[in-house]
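Structures given as structure tokens follow.
Here come two complexes built around chain A, the first alongside chain B, the second alongside chain C.
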Partner chain A sequence: MKDVLERAVDKAMELGAEYADVRVQRTYSNTIRIVNGRVERTIPSVELTASIRVLKGTWGFSSLTSISETDLLEAVDKAFKTAKVGAERIPEPVKIKEVKPVEDKVRLGDIQDPREIPIEEKMEIIFECDKAARSIDARIVRTDYNYSDSVKEKYFCSSEGSYIEEIIPFTELRIVVVAREGEVIQQTIGRIAASAGQELMAYADPLEVSERLAQDAVKLLSAKSPPSGRYPVVVDNGITGLIALSTGLMTSAYFALMPESELGSFAGKLGQKVCSEAITLTDDPTSAGMPVIFHYDEEGIAAEPVNMIESGVLKTYIHSRETAYKFNAEPRGHSRAPNALFQPKPIVSNAIIKSSDLSFEELIEDVKEGIYLRGVVGATIGRIIQCTTMMGYRIVNGEIGEPLKGATFIVDASKDLFNVDAVANDFDVLPLRLIEGDKFYPVSGGGPHMKFKELKIGG
Partner chain B sequence: MTDIFSIANRVLKIAEEEGADHCEVYIMNRNKTDYTFEVKAGKKTFNGISSTIRGIAIRAAKGGKLGFGYGSDFSEEALRFTIRSVLSVAEETQGFEGFTTPKTVSEVKGTYDDETANLSIEKAMELIDLFEDSIKGVNEDILILESSLRHCVISTVIVNTAGVEVEEKGTYIGIGTTLSVKGKEKITYPFNSSRRTMNSLDLEKLGETAANDVLRLTEKKSIETGDYEVILSPKVLAELLSYSFTTSLCADQVQAKLSVLEGKVGEKIASEKLTLYDDGTYEEGLYTTKFDDEGTPTQKTLLIEKGVLKGFLYDSITANIDNVESTGNCVRWEPPTWDVFFARSFSCRPRVWMSNLVIEPGSKKLDELVGEISKGLFLLNIFSGFTMSPSGDFNLPVVHGYIIEKGEITGAIKEATIQGNVFETLKGINAVGADIDIVIPDSTSGSLISPHIRLEKLKVISAD
Partner chain C sequence: MVEDIASVVRDLSSLYGVNSVVVLNSEGEKIYSWHRTEADQRRFQLSGKDIKDTFDINKEFIRLAGGDQLRNVILRGRENIAVIEQSGSVIVFAFTDMRANLALLLIRVRRVAENLAKRFGGALI
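Showing the complex of A and B:
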């Protein structure tokens, strides 16, 4: 592998490039879908992706699904020509922050390779979960389990002499439970995931999650619709995670360079207060058990945790080499791409809001009339976060009251993030897929329960 | 294409050697180029991307059990490994009676053009200049924050052991921009348009439209919460129709008893102003193909006629279950796969889905639709509808829209959310425009070909 990748970057430099890198990713994956206790599909795949990135005044980028030398060298030509023509039409050449070259090979360590676990063993766990969920109540009419595991082999080679190989596993289980009574249909959704093999099942208890989803789905059948209007709102860990993710994306220097863009709100705000002081926000791609883990980012830089927001103050952006040059900052390994077909850019991996020492009971005790929201069904994020939740409860005089059907709420980042009153002492993380056009990144968001003085709920 | 056919036939041979009774091979090759100019920290930047993606999907059956697998490694070992895996995970599949048999593929027009396929970077730069000039020509205060041009060639080959051997090649080209206005930088307006060939993408007209839109969006005004008569742009309609509604039209959902439209064929489910087709043969449609993703010829399928539900969408497997013919709606897509032109991929297992949803145009010009409203709104763009629940309930923020008073646009909506249920909404259509636009939804496969439509009333919640 190394030889052919080196020949590709060498060719780019011979053509006159200032810098070039080539990335290859081979992904082995298996997905299993079990609906109502029946295997609905099992999909094996081996995907190969590669790309070459050339800097010549600006970036030229060419991606492909082949690593034959002929194809790679042709891609180098295309990328170089694109950069050259593009550079003539922009006022200022692109520069990148200097970094030290790295040679490293990162292996799986203690993690068991999912490819070595027989498929029957994987299915057994899901069958058990499915049985548990369906035995909760006769009104459970559908269960849908999507299990997938993958192993990514990643290769990075740059004209500066970096050569990195890293193997990363990822295992995910998504669960949908549907309850029905007459015309009323309600569904609940659960997700667990980790950059791990079968040990995922040790990080989270899929059986317990299944039972809880089934109980909630049944509870929702007779739940009332949530009210519309502005209320004090407490959100669960997953929703806090969603807000952490959205806020985390705004700390990307990539977006901060475009103040007008949807996620550009933090442009020019370094050192300033950008949200409530109850919020301290971290991105850490390196901690064990989290959904996203990598040792090196897509620009071959060693990843490390970064505190972007401390007590409401924006301390730093997360960077690529290009944005680090512009801000005169250090890139700390947060450049990401869905796979080798896409260009790297600074994107959070596990965005976490730090917990406090307040218990959940203490968090809600002063809420006279409010709403407690649980579970993310789906959301659109940006300056405005619009989220559909799985369910809710009324909070009456500091106590959890009757259950409510899923609600939609809207967070205006420029105002509502200042409205966070307090956070609790608990912690959980929600694996999510960040979808941006044709790109999707595995990400996660996490944190404690969080309380807003007031938030807009729509019916 | 010959080399692709020989690979495909080689796979059939390997499948036979591995003991498969039936096998189908789908190979897709996508060559895409994207040029983007973006203003970052006040300076124009450039990004150029080209990609060549080729992948293979295999369905194979043994002893009545059907399996699916895919990959992008075309080595003999990888192909054999994939077939073995596919056969080892094959499952009983209700309705599977073998792969599609050869039929004459549909005739389609305006789906391929050599010039679009072979567009050089120099020519692409000229087209971007032309587009930008047409925007600036409208008003010098307009700021172009981003402009992009992309084009794509997609080739598809399907062969199977029942004798199907078909191939197709299509082109796509699109332009996009994000605009603002000097002194009103908080307002940004994204605008995109895609077509099949260079000649059908009218850059000058598109530039003018985008520029005129953004100028009209600068006078933001608050509105009151309430029910309004509203005009929905084709783009807004695409977001409302492409999730819960489309899902409920797919035979697999109906058969699984998950569709709210189950058992309603022949019933009035929408306003009599609405006639809706799925048309995989629509001239120059973004999802127009000669055959669907399992080789069945595409067709025009009537779904709603004057408000009455006429039928559902089928692939070969769901058609066998209901003992009807496939409507040519086998589609290789699943969320979150998305593409600016053609959101289908070898990596997605075939299922039932829409191609081009077509709303039959009415007789009213857009001016008339606006002119007849005494107090209402005109929605240009809303948040993606993908968070919509299966019941069709929606609660979506308005991204851009106008305020209409006494038949005239008098300002732009400051902040609002629309609320309702898709199925109920369709009952309240009181006029259908005569214009046609081809748009794609933000988070799903398929396109909507539609005029502007007007709703008697829609609940709009003010965010103030």
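Showing the complex of A and C:
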């Protein structure tokens, strides 16, 4: 592999490129969907994607689904021509931050490689979970299990002498349980995901998760609807994670260079207060057990955690090599792409809001009348975050009260994030998918329980 | 009864990578054991008491840590996994090598323990 990729970047340099890199990704994946105990689909697949990126005043890019030398060299020609033509039409040439070349091979760690597990074993686990959920109560009318696993073999080669191979596993199970009584329908959703192998399905205990989701769905049938209006609101770790992810996306230099875009709110705000002092936000693609892990980003730079927001102040954006040059910053390994067909750009991986030393009980003790929201059913993110939660509870005089059905709420990042009063000392993470075209970035957001002085709730 | 227990345990012993299965009653007496090969049987040195004591120590450990009821004990060596699970008056022990699908192993250990407790629970006390 290395020789072929080196010949491709060498050719780009012979043509007159200032820089070139080639990325190859081979993805082995399995998806299984089981609805109401019946297999809807099983799709085992192997996907090969590759691309060459050439810098000659601006970027030229060509992607392909082959790694034959002939095809790669042809792609180099196309990418170079694209760059040359593009460079004549831009006011300022693209420059990239210099980095030291790296040679490394990152292998699968101590995991149960999902490629070695027979499909029937994976299906048996899901069938058992499905059976467990449906046996909780006759009012469970629908169960929907979406399982997927993948192993990505990634190759990166640059004209500066970097050559990196990295193998990344990912396993995910998304569970939807629906209970119905008369006209009342209640849905609960669970997500298990990590950059891990089949062992995740043991440690995350999907059987237990299934039973709990079914119990919650049944319990919510008789719950009251939440009140509408502005209340002190405490959100659980998953909702904090959603807010962390949305805020994290806004710290991308890619969006900061597009102030008119939905995620461009942090443009020009370096060093300024962008949210409450209670919020410190980190992006960490290196932490074991998280949904997204990589040692090197799509530009071959070693990944490291970055604190973008410290005590409410925007300290740095996350960068690609190109944006790092523009902002005179360091790229720290946060360039991502759904696969090798896409150009890399700085996108958060695991956006984490830092916990405090406050217990959950201490967090709610001064709330006289408020709402505690749990679980994310659906959401749109951006400067305005709209979220539908799975369930809620009243908070009365500092104590958790009666359960409530799910609520919708809106967070306007430019105002409501200043209303965060405090965060707790716990931690959990919400695995999510950031869709681009027909592909997605696995991402996650996480953090502690978080309290808003006031938030607008819709029933 | 041994044949009936064997038929329930087959759900677990048929799983790839499982080398030994032992069923105990709540007193820690061995009611049934299965080993994949004679070599596995010869290597196996654990008594029923060893297995029960390990479970009980962990039960107490969880309690002292402030937790609730212990569901199972999972021990991971470099090359092997041991699982102990209790359901009613039945304790099931499974010993596997790393080829076993851990998630499925836990599900089947639980299923076998529950099925044995359901079918033979009273008779094993």
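To be clear about the criterion, the second predicted complex is superposed on the first by the 453 of 459 C-alpha atoms of A that agree within 3 Å, B and C clash if a C-alpha of one lies under 4 Å from a C-alpha of the other, contacts with A are read in each partner's own complex, and residues count from 1 in each chain.
One rule holds for everything that comes next: a contact is a pair of C-beta atoms (placed from the backbone, for glycine too) under 8 Å apart; a residue touches a chain by one contact, two chains touch by 3 or more.
Since we're looking at a predicted model, the values are computed, not measured.
Annotation for the three-chain superposition on chain A: chain B and chain C fit side by side. Contacts of A:L207 after superposition on the shared chain: chain C is touched, whereas chain B is not. When both complexes are overlaid on chain A, the residue A:Q215 reaches neither chain B nor chain C.
For chain A, the partner that touches more of its residues is B, with chain B and chain C as the two candidates. In the overlay built on the shared chain, the residue A:S356 is in contact with neither chain B nor chain C. Once the two complexes are overlaid on the shared chain, A:Q112 sits against chain C while remaining clear of chain B. Of the two partner chains, neither chain B nor chain C is touched by A:S287. Look at A:N425: by the touch rule set out above, it reaches neither chain B nor chain C. In the overlay built on the shared chain, the residue A:E40 is in contact with chain B alone; chain C does not reach it. Applying the stated contact rule after C-alpha superposition, one finds that A:I125 touches chain C and leaves chain B untouched.
Of the two partner chains, neither chain B nor chain C is touched by A:N307. With chain A used as the common frame, chain B approaches chain C to a shortest CA-CA distance of 18 Å.
Comparing the two interfaces of chain A, the one with chain B and the one with chain C have no residue in common. On the chain C side of its complex with chain A, the touching residues are 16, 74, 101-107, 110-111.
By the touch rule above, chain B contacts chain A in their complex via residues 35, 37-41, 43-55, 67-73, 78, 81-82, 85-86, 89, 91, 121-122, 125, 145, 178, 180, 185-186, 188, 258, 336-340, 343, 347, 349, 383-384, 386-387, 389-391, 395-397, 417, 419, 443, 461, 463. Listed in rising order, the residues of chain A touching chain C in the complex are 112, 117, 121, 124-125, 128, 198-202, 205-207. By the touch criterion stated above, chain A contacts chain B in their complex at residues 26, 39-49, 51, 58-66, 71, 75, 78-79, 81-83, 85-87, 89-92, 94, 119, 142, 185, 187, 228, 257-261, 326, 341, 343, 377-380, 384, 386-388, 406, 408, 410, 412, 433, 435, 437-438, 440, 456, 458-459.
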